[in-house]
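As structure tokens, here come the structures.
Below, chain A partners chain B and then partners chain C, in two separate complexes.
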Partner chain A sequence: MSFLSIHKDTHRIGEIVVAGPSLPLQKRFITHLCNEVVITGNSTVFGRSKITDELQIFFYGIGEKENYMDFAWDLVAPKMLGYVLVYNWFEGNSFASVQNLLNMLAGHTDCHGIVVGDVAGMPIHIEPSVYESGFSLSSKLYFALWDSTDKANAKSVLKILIDSLINHLE
Partner chain B sequence: MLNHLQDNGTGMLPGIQLQFLRYLLMGQSPNKLLDGITATDMLHIYDFIWEKALEIGIRVKGERFSQSDMLKHLKSVEQYKLEVGCKEPLQRCITNDCVLQNEDCVRAKLKDQLNRLYRLISSYLKIEYRM
Partner chain C sequence: MRDQAHHIVIFDKSSLEVERLVQLLRDNSFDVTVLSNAQDAYQFCLVSQPDLIVFDIKVAGKEGLNFYRQIKNQYSTQRIPLILTTEEADHNKRVELIEMGIDDFVAKPYYAEEVVARIINLFQEFRPATFISKSVERGFIGSLKEMTLIDLIQTMELGKKSGVINLNRGDKEGQIYVNRGRIVDAVVEDYDSVERAYLHMLTWIDGTFYVIFQDVHLDSQLVSDNQALFKEGAKIIDQWRRAIGELPSLHTCLIAVKDENNSALSYPERSMLAHFHESRSILQAIDVSDFDDFDGLKIIKSLLEKGLLIKTDMHRTEKNSQHLALHHALETDKRDAKTKYSHIFSIFQRNKRSNADNHGSMNDKTDERAESLLTQHGRIKNNVQLTKAELLLIRQKLGK
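Right, the complex of A and B next:
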């Protein structure tokens, strides 16, 4: 998974897989977090977020249903930092797809993950303070709402995932 | 899907948890989701939703939040036993010990409590509750 120019042996890299029923949402999420984004011709998107010269996070948007259901989760999961599943909070079909993927992942990985419902452009009458810190589904799995028109929001989502990882430091 | 809850450490598939949480945040009654669920699975769901309801209560009300205020909106075990005419010891009902012997009774109790919790959270969130 080295699509971006980097030498793994001289840097520390954390890899996060982004999936969900909408590639544009995956792209938006990754774009909000990365200073370098590459969109390939086969419906995938890659992003690099540089924390320091030595420490970087790679995001892999693996495309829509036909891609993420066939994805080699069993091979990739042990090596990745975690996963993010993005979907439109208001769409029932979109939710059902994420629900199926989430249940499938529960049987394949023990990774840290976060499910993110995008509320952009639609009225939601819940105070952000209620949902901005996310909800735990288990010790490694979280749910959060995300306004994809707000760049800062994506960082909040990433922070929840990173906090989950830190909580499991040995 | 709802008929195949599996124990993944929390007692439920995460997709099921997420569905119940979604309904909670949308002010939607969980009745539709509860159809066909066993009493044992409903116990896991109730524990999960109770935890989320506490989180939401704390986030909405801050220092003014009180768990006892929340409990006041639920039906007490004593009241429930009285209504169904149950002669079993009170403790059995508190700990849901009859879940295998009298599944329908436990299901009915939890369904009612879940609806009360969902309705309460709707009022906390100031959103309309829909049956």
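Right, the complex of A and C next:
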């Protein structure tokens, strides 16, 4: 936790929760976006992305289902920029788990969010524009495909979330 | 492919950089006009209403800043997206510029390709539905029946807010500019005097409004302060309500009855009657006449009592129904979003139940415990902690 405490008081910080049933996926997503990544002993990933000297984004990756209950949703949800729910496109259990998590988050918060299906290894070619655009499920919820082997894809996902926030901000 | 070419105005001094940008924009099917004088650029934007403006605030020193303020203060141009090209490298200064209302900025020297990409991006952002939502999200919308102009101004005065109150009567629209809670300007068609425009709009007790909060860089055009205007306004609204009490709706269309024996009428009555040779609403006739609102209303009432005006079957005409359309679009957008969201949500709820049937009790308990962490706080309201400027910086970085 020292990683957080060093920076939190001196910078403007946006917080994003990256959740889903598979911690390696979250870790990969966060690694693609962050300058620094820290994995804690209790299977949680923290990432920091420096935008400017004064502005940073913190990513909280929570991977294992048991960790959802330990995560301080009540503290983070009121102020976070949004959430990214990552699942493996090819696994039914992964999809079902994200459904439940989405049900919980969408039902009890009005945060912006994006559901991301990892299609790495898909035998057919997917046009880059498909990754970049995503589509809207509601005014604050999007869906996008993600190739977890491609760093640029994670940026596209985050861009969709940020665009959604900008469009809603007063 | 776009249905119609977007028109872009570039306000900058001539340079190879600008020429390259113009060429690339034209290659991408944009119509481009380049102007290097601030006043020419402003006048041109007023007339041509371009879809986007690209400008360098330092191009003409103070004139560049004035140009920006003029564009943002003029109702008809304030919603045109602006991209600033700047040599300003300081982060704080850039944030300041974005917070002033600049939609995007590009550091100079720039790659023309980057500017074109941003322009395309901005046009996607400012597509009509988004634009409507954005406009209203910065303020609020409502009916003048429920909230009068006086109520609106008093609300803004209490919060020391700045912005534009846009009013629509159905067939006419007007604007009241408020700076830190004080009325500084009032604009409505056919009324040159600011006081008269304000007093005229007080009689609009049936119609819609929307308020946009924004900086208003205008010196006050009014002699009276808010309190004096409120006092006068409350009196007028009361008198107006009593005056229209016995009349049909002011949007009712009337026509003059042909009667050769009009010699007994007063000059004002004959003059007003002449405006009803063709079907007109009461409001329209008052507007085109030389009489003020109260006198006009009194004369029409007299003509109705004498049976010289009769109702026609024509419905009220809504020449400028932008506000009503906006209101309608907003409501539809909200309804659609809610329906879509509820639909998605209900699917997940059903899926959750079926999942619960298929999975072990440990998983269910985990879900329940996690959910209880949220439900015990009710529905959590999220307030994004970063400003729009900061989010734009993030997006800019992601775009690289």
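A few notes on this one:
In this section, the second predicted complex is superposed on the first by the 151 of 170 C-alpha atoms of A that agree within 3 Å, B and C clash if a C-alpha of one lies under 4 Å from a C-alpha of the other, contacts with A are read in each partner's own complex, and residues count from 1 in each chain.
As a working rule, a contact is a pair of C-beta atoms (placed from the backbone, for glycine too) under 8 Å apart; a residue touches a chain by one contact, two chains touch by 3 or more.
Computed from a prediction, not measured in an experiment: that's the story for all the values here.
Of the two partner chains placed by the overlay, chain B and chain C both lie in contact with A:Q99. Chain A is touched at more residues by one of its partners, and among chain B and chain C that partner is C. Once chain A of one complex is fitted onto chain A of the other, the partner contacts of A:T52 are limited to chain C, with no touch recorded for chain B. In the superposed model, A:T149 makes contact with neither chain B nor chain C. Touch criterion met: A:Y131 reaches chain B, while chain C stays clear of it.
Once the two complexes are laid over each other on the shared chain, residue contacts for A:L158 go to chain C alone; chain B is not touched.
Look at A:G14: by the touch rule set out above, it reaches chain C but stays clear of chain B. Where the contact sets of chain A with chain B and with chain C meet, they give residues 99-100, 102-103, 106, 137-138, 141.
Across the complex, chain A is touched by residues 1, 6, 8-10, 13-19, 21-22, 25, 52, 55-56, 59-60, 125-127 of chain B.
Taken in their complex, chain A has these residues touching chain C: 12-15, 51-55, 57, 65-66, 68-69, 71, 73-74, 77-81, 96, 99-100, 102-112, 137-139, 141, 155, 158-159, 162-163, 165-170. The residues of chain C lying in touch with chain A in their complex are 91, 125, 130, 133-134, 137-138, 213, 337, 340-341, 344-345, 348-349, 351-352, 355, 359, 363, 366-367, 369-371, 373-388, 390-395, 397-399.
Those residues of chain A lying in contact with chain B across their complex are 95, 98-100, 102-103, 106, 115, 117, 125-127, 129-131, 133, 135, 137-138, 141, 143, 145.
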